[in-house]
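Paired with subunit B in one complex and with subunit C in the other, subunit A is shared by the two complexes that follow.
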Partner chain A sequence: MRTARRIASRFAQMVFVLWAVATILFLVFRLMPGNPLVAYIDPTFTEEQQQELLQRFGLDRPLHEQYVIYLGNLLRGDLGDSFFYRDSVTSLLWDVFPNTLALTMVALIIAYVIGVLLGALLAWLRTSRFEGIAIPLVLLSRAAPEFWLGMILLAIFSFQLGWFPAGGAFTAGSEAAVGPGRFFSLDFLRHLFLPALTLAIYLHGLPLLLMRSNMLETLKEDFVTMARMKGLSTWSVLVRHAARNALLPVLTAFALGIGYSIGGNVVVETVFSWPGIGRLLVRAVSASDYPLAQGAFLMIAAVMVFMNFVADLLYNVLDPRVSQDA
Partner chain B sequence: MKQWMSLAGFTLALALVAGAFAQGDRIRSIELLSRPQAAAPQEFQSAQLIAQAWRELGLDVTVNAMPWEQLADVVWYERDVWDVTAWQMVGRPERGDPDEIVFNLFHSSTAESGYNFIGYNNPAYDAVAEAQRVETDPDARQAIVAEAQQIINADQPYMFLVHPQVAYAFRSDIWSPDSIVEQNGIGIKNFWSFIGAQPASDQRDMILNSADVVQAINPFYISGAVDSWITELIWDRLLRVGPDGLPQPWAAESYTWVDDTTIDVTLRSGMTWHDGEPVTVEDVVFSFEAPMGGEVPMYAPFVSGIESVEALDDSTVRFSLKQPSAAFLVTSLAKVNLVPEHIWGPILADLVDDPDNAESYQEDMPIGSGPLSFVRWRASEEVVLETNADHFSAPSYDRWILRIVPNSEAALGMLRRGELNFLSAYAGDPQILVDTSQTEPINVVASTDIGFRFIGFNNRRAPFDDAAFRRALSLAVNRNLIAQAAYRGFAVPSNSPVSPALPFWHEESVMNFETGIDLAKSILEEAGYTTDGSGRLLYPDGVSETLD
Partner chain C sequence: MPEQTVRIRPSRRQAFLRSLRELGHVLISDRYAFTGALVYVAFIVVAALAGVLAPYEPTEILFTPDGMLAGDLPPSADHPLGTTSLGRDIYSQLLYGTRSALLVGLVAAFFVVAIGTLVGLVAGYMGGIVDTILMRITDIAFGIPFLPFVIVLSAFLEPSIWNVVLAMSLILWRDTGRVIRSQVLTVKHRSFIEAARVSGSSTARILFVHIAPNVLPISLLYGSIAVGWAILTEASISFLGFGATDQISWGYMLQDAYLSQALSRGAWHWFVPPGLAIVVIVVAGFFISRGYEDILFPKLKD
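Our next item is the complex of A and B:
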């Protein structure tokens, strides 16, 4: 009962945050400099044609009326039509969302698997020579700009060696690009490899460092000493006792990382011509395409808030102490 | 006698006024607008070079860079508030006829909300611009267009900078170089290359690139430049602008002028729509009448000169014009897409009761009669067309695939790898492209654009309302320097709105212009401008600065 009430209250918080985000987005886009019609209308249009367009998009109404219409549509799941593409925002977003999700998930999973394993290893090998080399390298990968890393990988593995295609999600005109099975085709995976690798290299530093410091803490705890005293093997102590406990915060970071990365792939998407939400978003913002930019930001915010919610629940399951404290 | 008296009185008054204001006002600080370095490096660099030259004349100049959306907002919608701006006219096949450039850009009727955003107003020019419009004899019209260019040269409402050269490339091991056509002022990326390219290997797909996304595939709506590459291929037109810039029969087998305002067009027989229905004269009439209603605003100007269009028999259509029009062939017959009435008739009828119009309507499966037909379109990925084997001018390859590639370097890498075989957009350094072609089977073709880059003087505002002042400012700037330094040699100097890429219409005599700071100074001196002790430029004696 108590758990149910807490979940309900978390859910209500989530809805409130989404409303706040939606409102801020609404205001931000209308206060931006520049007339949205400049991007949309051919300047040769007559005054009447311009007025007609303003009316069609409701841009001639007072701000509060626009806001009420906007919220009403939002509740019905209608994000409006893009000024630029003249197509529904929902369908534009759904077109590219699976690509972004695939890129993000693959990159995150690689980053976290490698990060966790290396992190645990580095904690174990504390003060070794290996650590002296590995830690600066990890910090470097974290600090290197993504576009630079992406271009280097492109230049080596695509332009020079020719192992992987230089961009896009499918080979030009490929029939594999049609239908729901497309995300499991070999063609898609070959195109996914370089962008996912770039993103994974960029992302793996966080779980690695997190895991390492957690492990260092955990290894000092009494139950680890206890396990050692019981005569368990090093492997068993490390993996079954220490790592399991050190993993908790990393899992939370993973859930939140999905949210953060969904919207943050713009650079990688541009370098690799990857058809994702980031590119759509950048185009929308520079063209003052309010509805599309709003929709994209809202979608990213929704994923982020939702993953926060999931992380919360996950914590309850993984660490019962959290629910007892509440 | 009376005249002499009044002249004497006038001179006296002038002398008094001059005495009262011994020196003219100091010219205020001038703001030169440009897009930012990151978005338009050549434009920004040109603006810096120009500001430098103008400072030598004694002007205080600041370059103010702003993103395109903001710049357009100020320059286009607040026409009274800015001084000078960098601007461009892009080349399009239909600008191969000089009418759009000669009339729309400089005629005073378009000054308030149209293309004449600089507010140029010269009745003598207006008369010439109107005259070329109705003159149907090409040679007589050529002379009038030349006169228009001479007036522009004398008045310098714009300061023309360069006609840029655009470089495109293709794989010569995949496309036989003889079959790639360079169209005057457009380059090799054009309709004629797309339909004429001969495969030189077993690669049967033409794979091109664009950095911009496709906005719409709609016969009644062209927004972005890329859209028109596709619409041109899916939908036929009665005439086409040929590689030489002149209109030639296309879906029309022939056309004849019956008199000055009547033209009969014979439709080619045996054409079919991509859904198998035959193309009829009723479809042709429908295609030209549709934009006359309220649902197709973008194409309305292209049919506004038509009084009536009717089918005479099952292969002939007669167009009656409101007045003689020289440009009708290019701006109307070679412009309007032929659409199937059985598809668009019901759509337009539905739209009448809807606030939307044909421009926001996107067919799931666009149907035209052109040499390529629609297969699929994914907004941020690609557009796929396939050859329409029944077409009278069907390409000899299988598919035409446009890839959206936002990264220039990656596009070049793709060309080298063969992932692309026709580089139809390249924003990087052209020299790198040329260097690459030395070692690989890649042909690069740089062509002079119909379009041009220029500095627009706000002719409404002092001191730019004085032609002598504009002329001095223009002659202060070395165009070769701009072409070499800002455009790295991929541009030719310009002094006319009509590009040398249109040799028939381009007036060569206006190109003999010398530039130099001393020359500019002497023009200013002659027009009465002086400098004060600190070297700042002053208005002529007695002139005070008034804005608004």
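Our next item is the complex of A and C:
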């Protein structure tokens, strides 16, 4: 019961935060200098289009009525029309979202598999000299700007060696670029490799450090000593007892990581001309395409807030100590 | 975790000083923290002397003796890192870039930590409705994707390095705020706080004289990480083309190199040094924070 109530209250909190973020965005775009209509209507739209948008978003009404209409449209998924692409913002966003999701998930999975394994290894070898080299190296990988790492990899593997394409998600005019099967085509994977590697190098540090410190903690706990005393093998103690318990916070970090990466991918998507939601946001802002910028921001924020919620659930449901205390 | 840092001290007035002295001691005694501090000193010296050290003005367009544009020159004695496509000296730009990096980094970190500490102190000590409101605001700050927010903000503001500082001050206090609040919760029922309250100290006095010294080390820990964050953010924003155009920064240099096809031409001397400079200064911040962590969380040492 307690768990159910906690989940319900966390869900209410998520809805509240989403509403607050949408409201802040509404105010930011309305407080903009100049004509308030510029948020939705490009001067080059035809008279008819302008009238239609004026109606749809109630732009001729007072601010509080506009706000109600805005929230209603949001709930229906209507984010207006892009100035630049002359198309519905919602459909533009859904077009590129799978690309961002593919990039994020592939990079995160690689980063977490490598991070968890290396972290566990480092915890096991904690007294060795190896750690004195490994930890500063991990810190280095977290200090390098992602876009710069991407530039270096591009210069080496794309321009010098010519092993990978320099940008985009598909070769122009390639047959494979349609249908859901496109995400498994060799062409797509070749384009995905460098941006995913860049992100993975940046992202692996967190699970590594988390796993290491959790393992160090768990290895000191009674049940591990108990398992050792029972005469279980090192491998069994390490993997079946210690690692399982140390993994929980890493899993939570993974869920959070999905949310944060989708927002943080902006620069990597730009370096590799990856047709994702972050690059769309950058282009929209550069071109003063306000409806598209607003829509892309809201979508990134929604994913992040939702993943925060999921991470909290994971933490509550999977950790018996938390779910009982709460 | 708080047992080691929260000690009952006889004189509150000296607590701040002692707290600071403790941190100064860490900088000297911890090998990592000392290295980090040295790097910072070196960068500050370079920033201060950029005008003297740099052979050229960073935005000056240079010409060869025979009147041609000195663009895309390889490294030479005249130009240790060569020149940009527009004929500007890369080495001079690198030196001047230290200024915007340090300025943005230190100012943004100051605001992030000051706001976060204030929110945490007030929320933790006051409790009740004040706490609830402040924590809901913190939840909202956690719901705003940071980099996209800076980008959207720069759509409406004039390009300037202060946009990054503003955006960080608006959003990134959230982590410090939560941590400081939980730390205050562990301190506020201790006897010396009760004593101060009973003897009629004002709320402000209790907050800033009695409680604040106990959370100062954590604030500084978050501050030393925030400096790196600010520098990375400024670089990303400049790289995306939303940065200041009147001031040379490392992010701007990297954007310039990227857009001028430096990658495909293999002009390593152009796009490697600014990135390395960022890495070094951010790692220095990490090293300093590592030293603080050792006194804050001593059990990690073994």
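One rule holds in what follows: the second predicted complex is superposed on the first by the 283 of 326 C-alpha atoms of A that agree within 3 Å, B and C clash if a C-alpha of one lies under 4 Å from a C-alpha of the other, contacts with A are read in each partner's own complex, and residues count from 1 in each chain.
Everything below uses one rule, namely that a contact is a pair of C-beta atoms (placed from the backbone, for glycine too) under 8 Å apart; a residue touches a chain by one contact, two chains touch by 3 or more.
Everything quoted here is computed from the prediction, not taken from an experiment.
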Determine, under the contact definition given at the top, whether A:P275 touches first (subunit B), second (subunit C), both, or neither.
first
If we overlay the two complexes on their shared chain A, which of subunit B and subunit C does A:Y85 touch? Say first, second, both or neither.
first
Touching partner for A:M151 - first (subunit B), second (subunit C), both, neither:
both
Between subunit B (first) and subunit C (second), which does A:S288 come into contact with in this model arrangement: first, second, both, or neither?
both
May I ask you to decide whether A:G72 touches subunit B, subunit C, both, or neither, giving the answer as first, second, both or neither?
neither
After lining up the shared chain so the two structures overlap, which partner does A:A296 touch, if you call subunit B first and subunit C second: first, second, both or neither?
second
Should A:F159 be classified as contacting the first partner (subunit B), the second (subunit C), both, or neither?
both
Does the superposition put A:D95 against subunit B (first), subunit C (second), both, or neither?
first
Common ground on subunit A, meaning residues reached by subunit C in one complex and by subunit B in the other:
33, 151, 154-155, 158-159, 166, 270-271, 286, 288
Complex contacts: residues of subunit A adjacent to subunit C:
13, 16-18, 20-21, 24-25, 28, 32-33, 136, 139-140, 142-149, 151-152, 154-155, 158-160, 166, 213, 216, 260, 262-264, 266-267, 270-271, 278, 281-282, 285-286, 288, 290, 293-294, 296-297, 300-301, 304-305, 308
Provide the residue numbers of subunit C that touch subunit A in the complex, in ascending order.
136, 139-140, 142-149, 151-156, 228, 232, 235-236, 239-242, 251, 254, 257-258, 263-264, 266, 268, 271-272, 274-275, 278-279, 282-283, 286-287, 300
So in the complex, which bits of subunit A are touching subunit B?
33-35, 38-39, 42-47, 49, 55-56, 81, 84-87, 92, 95-96, 151, 154-155, 158-159, 162, 165-173, 177-178, 270-273, 275-276, 279-280, 283, 286-288
Which subunit B residues qualify as touching subunit A in the complex?
67, 69-70, 72-73, 76-77, 104, 113-115, 117, 205, 207, 213, 215-216, 223, 297-298, 301, 355-356, 359-360, 362, 376, 378-382, 384, 399, 401, 403-407, 409-410, 413-414, 416-417, 419-420
